[in-house]
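In what follows, chain A forms one complex with chain B and a second complex with chain C.
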Partner chain A sequence: MKDSQAILGLMVATVIFAPFILKLTLVFWIMNLAVVYSILVLSWIIMNKYTGYTSFAHSFPFGISAYLFALYGFLSIPVSCFISFVIFLILSKLNKEKFVFSTFILAIVFWMAVPYLTFNYDNIVVGGEEGLSLKSLPLMDSYLLSSSFLITSLFLLLFLEKTRVGLYLLAVGNDEVAAMGLGLNVNLIKSVCFVISSLIAVFSGVFYAVFFGHVSPDVFSVEVSLFPFIATILGQSYPVSVLISFALILSTRASVLVKYHLLLYASLLVVFPKLRRYAIARGAKFI
Partner chain B sequence: MLEVRNLSKTYDGVVALRNINLVIEKSEVVGIYGPNGSGKSTLLKIVSGFEKPTCGTVIFEGRDITNEKPYKIARMGILYSFQIPRLFTNLSVLDNLSLGLIRELGKFKAYEESLKILSELDLENLASKKAGELSQGEMKLLEVLKVLISKPKLLLLDEPFASLDSENVKKMLKILLKQRYTMVITAHRMKILKRIASRCLEIREGKIAKYEKIR
Partner chain C sequence: MYTLGAYVAYLLSKDVITAIIVSGLVGFTAGIVLRYLIKFLSKNTIEATIVSLGFGISIEEILRMSLQTSYFLVVEVKETFLNIFGEKISILQLTQAGISLLFFILLFALFKSNYGLKLKFIEEDLELAELYGVDADKYIFSVITVTSFLISVSGCLLSTTQALSPLMGFPILICGIIVAALAVIFGGIGARLHINSILVSVTYSLLAGIVL
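== the complex of A and B ==
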């Protein structure tokens, strides 16, 4: 397990540093997008793995932080994180099944409502369907920033799992009633997870904003909500899911698949679990 | 040590426990037997905080714990072992055992202690196995060991012998007979409880029907 994680970590590092070797603007651009979405995937897995909650509303911290960053700069990070945390915490009072549906409804509501949001900025009306513009970072800087954040978070999380707190988190994600029975403060541990997950999703939104220099209502789209779920279903663990999200973005954005990527995601979701069961039945072991 | 006063519990009009009064002294092993649905598990779940009573109080070491949260009750030293094992199936056997000790001892010592317990029972070969991969009997043993290892003040064991084969019943008895903790153990029949308990009581239709002093 340790060896495989190290190999996967090395693979992630290789994928991330590849654009510097290739030095192609298009590669940089696509890789940057892949890194941003991988950070979002990471934030989603934290919530899913350590609390057992499946969220379809990670487009919310992603989108709200991108919007608020365009309007208020760095102040958006704590504000978006707090709002997202409170929303996840309130919804988590429902049971886990209801949480899935309520987060999906929340994601849809925001996706529908944001095009009607306008802001008065220096006597100019901005927002609406056009979205907001901001000063973007140079491609290289943006890429360096987001990829170092991804690698650092990934390794910190892998390290965290080896600690006492990591074991508590894994236990709560596995069976919160049993964890309670051993004296673990499940609500506190879940709240910590919601904060970490929201914060990382907020950073992915901020990186998206500084990368594109423009934020449209599409940051709240259902595709953004579903993407982490798809990548995790295919990947199953941190490093693999991150790699999968990379592969998905690369294969869909850099090829003719760009028009049909939702169809590809849907097909993968249908086919992959069946293939996985088939492989496990024949003795295959997944990391 | 533990006092249950006028405890009753109803589920949607169905009475599970009626006016239960019970006192458990330190170092006592109390066996509770009765048929399915008689209220044995409900009583243990109320004491451990996983269920709230309709009326009545639970006093532990002079403190009213009736409406305390399960994790706070566990931290006071009352640990409950579930009838159907609730293990952390994605974690190893060693992790499952260490979780109850880790807060007090730290990770390294908790692992050391857990390995010691496993080797005492000739189960060290299970240490790195995932709990979800264990057999039914091994899961049941692990469920009991998981709470026992934390050295609780009061141990509540809900049907530890249920669905065990004779080999595992022997192992479970070996484990329980070695303990010096205050314990409440439930079972369907009195025969097996007589080997461990100092006092037995029968629950029928939510009421204590019979008391019996064993030793």
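== the complex of A and C ==
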């Protein structure tokens, strides 16, 4: 199982290097988007796999970091991470079912509220429905930055699963009470997972901002909040989920599906219980 | 379903009565589809919620793809006004108030009936209700279809008060969840829960109106 994960990890690395061979701007652009979303997916898996909480509010650290980065630069990283961590920690005091609903409400509330948010910047009102602009990085630099982060995080997480700490995390994710019985400090482990998950999601938001050079209220959209869940529909293996994220972004941004991608996501949500059970039954060795 | 009802009102805005009937039927049909999707695909509350969320987004996306423009206004309804205690109130507003009142009366009557008692039993303990021979599936089916019918009709009735867009259902969803959550905090099941819901939703609307 572990070897198959490493092989899949190498496959991800190969896919990430493909644009350097093709050298097409459009391929770089779409792959950059896929890499940013994949980082968000990794952050989501960390929370779901090691704490057992299903979040629909990962659009929050993603969006708030992108907005704050456009306004205050790198200071946004610790600030957004701290705010997101506190919010996830407070919501986790509810039970796991209520956490799903409350995070979804949070995501929708922010999505609805952010278009009303304006900032006075050098006597010019910015924000609102148009969002904020910032200086973007050249496409190649942006891609190198985000893809390096993705590959590093992916292999670090795969390595983590082989360590004793990784086993502790899995134990908490699978059964909190049993983990507590084994003498693990469950609250501390959950808090650490929330911090790591928030931090990685914050980085994905920052990469999104420097890639596009513009941040609009759509960074909080229901599409962003649902994407990690859809990408992990076949399980929570890091490389498989990253490959699915690539497949989803490539198929919906580089084809006729571009207008229909939300309908595709919605259809996947409808059939997700069957898909997940099928995946667990048939492909257990990969997921 | 709310968005669906509002769009039916837009498409059939020349005839208000037909729009209300059609929106109700469309909501009822969508409710049947949703019930079967939940029944055959999901096995617990979270799965059912996610399936219904996917179904709701699908409806919105189909509306967005088929009607393209972002915002619509229902303007063809002829407004007739009545002077009641010095206040100018439209017939449409009176119809909305009348239907709401009728709905609440029916709801309270329902909880006094045999059907309502069985609903309360299912609400309290599903497994126990099934052990006592209550056909929970039949009751869940009726609740989903009837609520879909009602929310679609309410979308139709309130369509004149706001701009229509595929995303117009989300604020209603949030308000609904907040009101339901607060009503649950105040406690009660059956009719008492609904009285709490009405009180909370009226307070919420007044506060939202004053603050915003």
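Quick note on the criterion: the second predicted complex is superposed on the first by the 267 of 287 C-alpha atoms of A that agree within 3 Å, B and C clash if a C-alpha of one lies under 4 Å from a C-alpha of the other, contacts with A are read in each partner's own complex, and residues count from 1 in each chain.
The working rule: contacts are C-beta pairs under 8 Å (C-beta built on N, C-alpha and C of every residue); 3 or more make two chains touch, one makes a residue touch a chain.
If you're wondering where the values come from, they're calculated on a predicted model, not measured in any experiment.
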> Following superposition onto chain A, is the placement of chain B relative to chain C best described as a clash or a fit?
Replying inline: fit
>> Quick one: is A:Thr163 in contact with chain B, with chain C, with both, or with neither? Answer first, second, both or neither.
In response: first
> Touching A:Phe101 in the superposition: chain B (first), chain C (second), both, neither?
Replying inline: second
> Is A:Gly181 touching the first partner chain B, the second partner chain C, both, or neither of them?
Replying inline: first
>> A:Ile90 in the overlay: touching chain B, chain C, both, or neither? Say first, second, both or neither.
In response: neither
> Is A:Ala171 touching the first partner chain B, the second partner chain C, both, or neither of them?
Replying inline: first
> Mind checking the angle chain B, chain A, chain C on Cα centres after superposing, to the nearest 10 degrees?
Replying inline: 90
> For A:Leu26, is the partner it touches chain B (first), chain C (second), both, or none of the two (neither)?
Replying inline: neither
> Quick one: chain B or chain C, who's touching more of chain A?
Replying inline: C
> With both complexes placed on chain A, how many Å separate the closest C-alpha atoms of chain B and chain C?
Replying inline: 16
> Any idea which chain A residues touch chain B in the complex?
Replying inline: 163-164, 167-168, 170-171, 173-175, 177-186
>> Applying the document's contact rule, which stretches of chain C touch chain A when the two form their complex?
In response: 37, 41-43, 45-47, 49-51, 53-58, 61-62, 65, 170-171, 173-174, 177-178
> Hey, which residues of chain B end up touching chain A in the complex?
Replying inline: 48, 50, 69-71, 74-75, 79-80, 82, 86-91, 95, 98-100, 102-103, 106-107, 146-147, 150
> Considering the complex alone, what residue numbers of chain A touch chain C?
Replying inline: 54, 97, 100-101, 104-105, 108-109, 111-112, 222, 229, 259-260, 262-263, 265-274
